[in-house]
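Right after this note come the structures.
Both complexes shown next keep chain A, but they swap its partner, so chain B is in the first and chain C is in the second.
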Partner chain A sequence: MRNLLPVLTVVAAIIALWYGAAIMLNSTWAQDKATRAGTTLSMTELITDTWSQKKPKLPVPHQVAAEIWQTTVEKKITSKRSLIYHAGITFSSTMLGFVMGTALGIALAIGIVFNRTMDMSVMPWVIASQTIPILAIAPMIIVVLNAVGISGLLPKAMISMYLSFFPVVVGMVKGLRSPSHMQLDQMRTWHASASQTFWRLRLPSSMPYLFTSLKVAMAASLVGAIVGELPTGAVAGLGARLLAGSYYGQTIQIWSALVMAAALAAGLVSIIGLVQRLTLKRMGMA
Partner chain B sequence: MNDQPVVTAENLSLTFETSDGPVHALKDVNLEVHKGDFVSFIGPSGCGKTTFLRVMADLEQQTAGTITVNGVSPEEARKSRAYGYVFQAAGLYPWRTIGGNIRLPLEIMGYDKADQDQRVKRVLELVDLAGFEKKFPWQLSGGMQQRASIARALAFDADILLMDEPFGALDEIVRDHLNEQLLSLWDKTHKTICFVTHSIPEAVYLSTKIVVMSPRPGRITDVIDSPLPRERPLEIRDTPEFIEIAHRVRDGLRAGHGDD
Partner chain C sequence: MGVIRSRFFAIVAAGLIGFAILFFMTRSNPAGGLRWLQAMAVILIWLVCWATNAKLANLKLSSQNAQKARKFLVALFFGLTVLLLWEITVRVFGISKVLLPAPSAIASTFAASTDILWVDFVQTVLKGALSGYVLGCGSAFLIAVIIDRFPFLQRGLLPVGNFVAALPIIGMAPILVMWFGFDWQSKAAVVVVMVFFPMLVNTVQGLQDTDAMQRDLMRTYAAGYWKTLLKLRLPAAMPFIFNGLKIATTLALIGAIVAEFFGSPIRGMGFRISTSVGQLAMDLVWAEIVVAAIVGSAFYGGVALLEKTMTFWHPSQRRRT
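Then we have the complex of A and B:
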């Protein structure tokens, strides 16, 4: 609770800046309207206008909050206009992609740690895979998978997986290699097999690295899911809301989808953080 | 029976190839360790005492000469789990209890559950840690952790105990206490112990045989068979015999350093 005050101070500063920026950015449009109507605006009128436009360049926090309220609490979840409905769609492909990415990442890391050939051959490709802009490759994944009859959740989850396996591979390779020489020598003196060393030493030692990777992977997975929703024709999901919003200049809708995405990411990452704290505390590693 | 050699090294050499040229960690080392001996290896850093222990344990391989442990190669001895190795740090797993840590080698070696329980109990009593089975390593002091790691090395049926400066990181008072306990443990278990140290009093107090080594190249400069009795109270360190042996060890160490 002691760090509540600094956090609130920063939040207050950001909101103040935000309102100020909204006045600056939206005032041109307010002045244009006034000129066309042949009136002049007082300072108060100008500020009121910039904070309540229908399609402002920068919507103010209370407009975004009102939009979120209308599209979450006041809409049925089944409605296509419900932000919760869209967030749910993004959430499901985020989770599926996250699980697939984590599994792939761990499997690759095990291969890299135990097999010298894989260490030499796979790692460069893993790194190369992340240098390709996801925006370029996402439509191709969608199109190719569609051509072989796979559509819906899976193609989007594949894009999430593509982004989220990377931090898991890197973290787990480091984690599985984290036992000291002494600990590995110790296993050797007991004539322990590779699998015994893996389950009893390498895997438990890698836990702090795994959780850190999972946090990054979860955030990346959400980005992947949103990017995956863009080329699907903006049917559903937070990505679709962003795209539809930008088609029609609905800045308030864009911002509310952004805030929702951020809240979703924060929620998911903090759940991992909680599991991390509990697990590492139980393991005596926190 | 008492004269049967447990470890025999003949002209043992080990050279590490480094970018600065070869480093002779061990050169023409000849040594016999007999069953029930308590052998200390003493010398300055770089004299190869730890390397020699690691060759015995098959953690390093010699580049020339021969060595047998229990009559077979170190590799076979390791695979038949002929020795317990105690490292400089206790190296207990934080996610396992003390009991769980001692159980670790037993699980790996496939002892059945009932046998594991009984062995854990026995070795914990042996190192004076009865009642600490359910505690976690962080709840124990450094000295207690090191005792737990000795218990772990004693839990399975190895009759050789290799110890690499096990008390090096502990303070003098704890160290004295552990040395005393180690002697009584050695007396109770009849194990053969090879012990690396760089403390002269520790080496003289514990050993039946003191191997003095010197660096560049790592070699044995003196082997002293201690005339001290098996029964050794801490006060023995003030007797003339003890001081005389300590002198001889110091002379050996100084002689090895002559070329510096």
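Then we have the complex of A and C:
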């Protein structure tokens, strides 16, 4: 809580900067309008104009807030103009990709920890696969899977999966190897089999690592889902809202989609954080 | 010895049988026919490759150099196996070029269109990603040093920075493209925004990575703030700074490519990928991906190499004995 005051100060400074920047960025258009109308603007007129344009270069926070209020509370959820509807679509492919990526990541990590050949042959490629800017092939994956007849949720989820499996693999390999020699020796003196060692020692001690990487994986998965929505021709989802907004210059719409995406990311990550705290507490680790 | 040799021959024989089945079947009946037999042959070849690799991985080696070479060879062999199986599968089952071009087809497209690829490389990587990377990491570093001086700012900005680093920043791309135009400036801006916060958070963390004992020692030497910063805290922060720089390499390429989906001049890797997908010219798309993969790995590898030479003294870089 002792960070509350500094954080609030920083946030207030950001909002103040935002309003200031809006005046600067939007004033050209306001002046243009004024000269065409043959009038000159006073300072207050200029400011109120820059803060209330319909297609500003930079919409101010209260405009974005008003747009979000209109598209969430005042629209029905089933409506195509409801931001909740779009966020829901992005959310579902994020979750599907996240679950698939986590499952794949844990499976790979178990293989890598228990099989020497896999450790030596797969691990370097897992790491190398992340230096590839995979988001670049998102449009291709979508189009190709569409050609095979797979469309809708799954292609987007595949991109999310690819982005989210990596942190899980790396974190879980580290976690499954975290028990010390002493602990492993203890298991051996108890004549524990490999599977017993796994279930009773390795898996429990990997939990802190797992949750940390799950948070990263969730954020990555959301990015994957949003980018995966870009090439589908702007049908639905937060990514589609971004694209449609950029086509038609609807900056307020772009910003509201962005804020929604940020809220979604923050919400999902904090849910994992909550589960982490509860689990680790019950396991006696936190 | 005899057991090992006979097993070795069995593996080689199995591999040859697999190839023979494929060869004769594709010659006698190119359209397919006994699909399951072909599939079995492909799986057989895969198993043979895996067995060979497992043998190599579990070989007992005494010298350290041999072990190092083995590590590299096993990974390389795995990669080659994947390429081989990819090529065989595409050829044997006649998978359409639109779905998945064979590695050989991608390679020939790559060789045939180097001029296009070079233009795109210059536009996206050199102009967009690299300038944004330098600007973003540089400004994040400077601001981190400033933040570090003021504990109030530190306590306020770090939580905000951590929060922002988890957000889908890539969504800023359409806005920045609107502000800075379609050319590389807007791509560089996207890259700056993307790499800024990971770099900032890492640097601030690194600057805090000295303990009281070390700082006290500097004080007994009568070292002022700048001297302490230069001689103690920056060197101690190096591993963190390089961690941030490494994370930023991938982000920079992703940012530059994805930003081009929102509008770009008629060159650039992201532009080429999105238009070629529209024309179903998948081999060109794959060639661009190969370029992206090479650039990404080289970029990351370069930073990692720099880290190794600059932080050779750090425990994480010491050779394990």
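Assume the second predicted complex is superposed on the first by the 280 of 286 C-alpha atoms of A that agree within 3 Å, B and C clash if a C-alpha of one lies under 4 Å from a C-alpha of the other, contacts with A are read in each partner's own complex, and residues count from 1 in each chain.
Throughout what follows, a contact is a pair of C-beta atoms (placed from the backbone, for glycine too) under 8 Å apart; a residue touches a chain by one contact, two chains touch by 3 or more.
It should be emphasised that the depicted structure is a prediction, and the values quoted were computed from it without experimental measurement.
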item	value
Touched partner set for A:36, first chain B, second chain C, both or neither	neither
Which superposed partner A:265 touches (first chain B, second chain C, both, neither)	second
Dominant contact partner of chain A by residue count, chain C or chain B	C
Partner chain in contact with A:76 - chain B first, chain C second, else both or neither	neither
Partner chain(s) touched by A:284 [first = chain B, second = chain C, both, neither]	first
Residues of chain A defined as touching chain C within the complex	2-3, 5-11, 14, 25, 57, 116-117, 120-122, 124-125, 128, 130-137, 139-140, 143-144, 147-148, 215, 219, 222-223, 226-227, 230-231, 238-239, 242-243, 245-246, 249, 251, 254-255, 257-258, 261-262, 265-266, 269
Of chain B, residues touching chain A in the complex	57-59, 78-79, 81, 83-85, 87-89, 91, 93-95, 104-105, 107-109, 136-138
Touching residues on chain A, where the partner in the complex is chain B	180, 182-183, 185-192, 196, 200-201, 204, 282-285
In the complex with chain A, residue positions of chain C that touch it	50, 53-54, 57-58, 70-71, 74-75, 77-79, 98-100, 152-157, 159-160, 163, 166-168, 170-175, 177-179, 249-250, 253-254, 257-258, 261-263, 269-270, 273-274, 277, 280, 282, 285, 288-289, 292-293, 296-297, 299-301
